[in-house]
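Common to both upcoming complexes is chain A, partnered first by chain B, then by chain C.
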Partner chain A sequence: MIEAVMVLVVFFFLLAVGLMVYNGLAGRGAVQRSQEALELRGLRIARLAMTFPELQCSVSNVIQENCVDQLKASAMSSLLSSDSRARQYYYDTFQEARIRVRQVYPTEEEFVIYEREPAEYRRSEATYLPVIVYDPLSSGGTCLTLHGACHFGTLIVEVYQ
Partner chain B sequence: MRRGQAEILGLAVVVVLVVIGFAIAMQFSLRPRDNVKRQVTDRQLASAMLTALLNTNLECKDVTLAEVLQDCASSNVFEYCGSPRRRACQEAAYVTGLILNRTLGEWGKDYQLQAYTKSEPKFNHTIGGCGLGLSDRESEIFPVPTARETIYLRLDVCV
Partner chain C sequence: MRRAQVQVQFTWIFSLFAGALILLFFITFILRQKDVSERGLSAEVSAKLDAVLTLAQSSLQTSNNVTIPGDLGFDCTGFVYGGARRPYGNALVFAPGLIQGKLLITYADGWDVPYRASNLLYLTSPRVRYIFLNNSETVHSLFEAMPDAATKQSVEWNITLMASIMPRNDDYVRIILGASSSTLPSYLPGLDALSPEEVGVLGVSRSVSETDAFTVTFYTRNPGAPVMYSPGEVFGVVGEEMALAAVYSSAELFNCTYSRALDHLEHITAVYYQRSRDLLASYRGPGTCAQLYGAAGSSLSAIRREAQRPPTLMSAEAIAANMTALADANQRLKLFSCPTVY
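On to the complex of A and B.
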């Protein structure tokens, strides 16, 4: 009788420990998947932003890859900071994110292209994409096949969850 | 052996088997999985970084870093920016170091950049350093041809 009770006690103890371990591992897996989804979203938005004609470097419809036109970026930044309809238009694409172009060489400058930060969020994830920042107003130079100068910059996309 | 003792022995065997099973399962579960997405992202980061670096113009002259590297690989006689003016290899090392510091360095990523020809290394920058295994880094190598020999720019982003 006592042996049978002991067997049951040990069995339920092992069952409880197994359920606790399984719960812990499953929870950790869910957090990891959620983090990966957030990173992928940031990467998708960064890739998408680089395809926008509003930012791309181009001459006669010939597009330069991984290049952001400084004048276009500045204009887009001004437009989105002053026009709520424009912000709403891009919200459908970017949703809650912060997109900025940061030039690091030769001088350090930053343009905030789009910004929509939620009131509350649990975490944020930043994606960095090295780009050429094309300055068309620079005199006497060439950047790729364009008249102007190529500076080094990064496109930074922050997404929130 | 009495019946009760046999039952306890059986129970002990079951407990031992379950503990061994848990230990094996925990070992597999806690091992970090290969993050394929991170590997792809870091490889693209290395590639995009080198592409942008090579096409960047110097602040004081209308030449790209690729052209400076070509000079570094061949004659290394022209002078570029700075006071005193830097020669090609020095200028390339200075600009790449500055940019990598302001990008990968600030993002908390360890890396190693090497510029070399078949005959000699030219310069390198290392922050942190990657492990010895091939899976510890994502590498990209860009060759820049010159009339004399090819100079290679290699960037390893540690994962």
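On to the complex of A and C.
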């Protein structure tokens, strides 16, 4: 009788150790997956932002790829800061993220398009995409096929977890 | 009984109890793992589908066939696979409520009003059949706009030809015709056997003002009634791309997604409006361009106002009229070598 009980005790002990190891490995896998998901979310939002008509450069609806219209970005930024319905609307797309354009040439300038930072977060992930920053107000030149000037910059998308 | 005999019996009972306990533990563990694994798989597949849909949405005027693992359910704000629901944010997706089978056909197009308001994503399956009853230029144009990968057929408005349309084991049959209550397809006897869930009629007509406004009418099936189809929900929509979106959608899904499209139109128009004002404020060239920026601003303001209203034909016509005025102003800005509004 005692032997049977001892066998069971050893068996359950080994089972408990096995479960602990399994849970540890599964937990580590979950952390890695969540990191990957965060990176993917950043990329997804960056890609969405690049194809957003609210930001894209165009002339008579002919879209210029990888180009952010400075006037549109500024208009979008003021819309989001003044209109709570618009803020809520774009939250469904971007959720908790920060989207900004950093112009690096010929002058350095940065403007935030969308910002919704959570009160608390464990980590953040930034995605950088090189873009042309189109300034339609600059006179006397052309940018690609557009009337204005081309500047160079980066679209930065930060997502939080 | 002797003590030894009792002990042997007790040992057997103890072993049975311990064995059952161990078995129960493993069964519970396996069932839990199976559940976790299935949910994980559904979530993984949903995430991959979401990525595919995001990509499809930005590949305009390109039809793609995507292999899917199983049935996909769609509602206004997301899709469901294997019990896992995945929202698609503000993407404007037009699809039947349920796509069955292993193949998904995706097609995206821009919604231009006349500036690009959004990209529309149309989803269907080869098992959904679209029959265009060719009684108007609009229907013909929608037939041409639908990708060839979809199961579509154009049938001339002829009683004999329409009577020859028969069910073919399709999941769903959508009939599209130039809308008018007098032109309802009461001459489709071949489809009488189908249930209201298996067949639907959509009427589409361009506004009499010949602008880019359309009326779309979702007819509902009345099995056994003298009038087989009766008009259900009616919408006034802007742009042929949006009329095509109605072809792909159920009335419920279209109602909700088109409302979201109008929300988007309102916000993007606010961006263009602000842009036209900024262009006007900083413009130092000939007065003609300044006037054109002013005219464009008025049109944009009117479009924004109308986008906030319910989707009636009247509001669609007002938007379409302002679209024409805006396109004209933009074209003239281009002619005068001024920065365009869109």
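The rule we apply is simple: the second predicted complex is superposed on the first by the 135 of 161 C-alpha atoms of A that agree within 3 Å, B and C clash if a C-alpha of one lies under 4 Å from a C-alpha of the other, contacts with A are read in each partner's own complex, and residues count from 1 in each chain.
Going forward, a contact is a pair of C-beta atoms (placed from the backbone, for glycine too) under 8 Å apart; a residue touches a chain by one contact, two chains touch by 3 or more.
Computed from a predicted structure; not experimentally measured.
Chemist: State whether A:27 touches chain B only (first), chain C only (second), both chains, or neither.
Modeler: Touch status of A:27: no partner.
Chemist: Look at A:58 in the shared chain and tell me whether it touches chain B only, chain C only, both, or neither; answer first, second, both or neither.
Modeler: A:58 sits against chain C, while chain B stays out of touch.
Chemist: Looking at A:118, would you say it contacts chain B, chain C, both, or neither? Reply first, second, both or neither.
Modeler: A:118 contacts neither chain B nor chain C.
Chemist: Return first, second, both or neither, reflecting whether A:76 touches chain B, chain C, both chains, or no partner chain.
Modeler: second
Chemist: Once the structures are superposed on A, label A:8 by its partner contacts, choosing first (chain B), second (chain C), both or neither.
Modeler: After superposition on chain A, A:8 lies in contact with chain C alone.
Chemist: Can you give me the overlap between the chain B contact set and the chain C contact set on chain A?
Modeler: Common interface on chain A, chain B vs chain C: 4, 40.
Chemist: Could you please specify the touching residues of chain A with respect to chain C in the complex?
Modeler: The touching residues are 1, 4, 8, 11, 15, 37, 40, 44, 47-48, 51, 53-54, 56, 58-61, 63, 69, 71-72, 74-76, 78-79, 83, 86, 89-90, 92-95, 136-137, 139, 146-148.
Chemist: Can you list the residues on chain B that touch chain A in the complex?
Modeler: Interface residues on chain B, with respect to chain A: 4, 7-8, 11, 15, 18, 22, 26, 29, 35, 37-38, 41, 45, 48-49, 51-53, 55-59, 62, 64, 95, 98-99, 102-103, 107.
Chemist: How about chain A: which of its residues touch chain B in the complex?
Modeler: 2-4, 6-7, 10, 14, 17-18, 21, 25, 36, 39-40, 43, 66, 104-108, 126-132, 140-144, 149-154
Chemist: Which residues, counting only chain C, touch chain A once they are in their complex?
Modeler: Listed in rising order, the residues of chain C that touch chain A are 7, 10-11, 14-15, 18, 22, 25, 47, 51, 54, 57-58, 77, 87, 89-90, 110, 112, 114-119, 263-264, 267-268, 270-275, 278-279, 282, 284, 330-331, 334, 337-340, 342.
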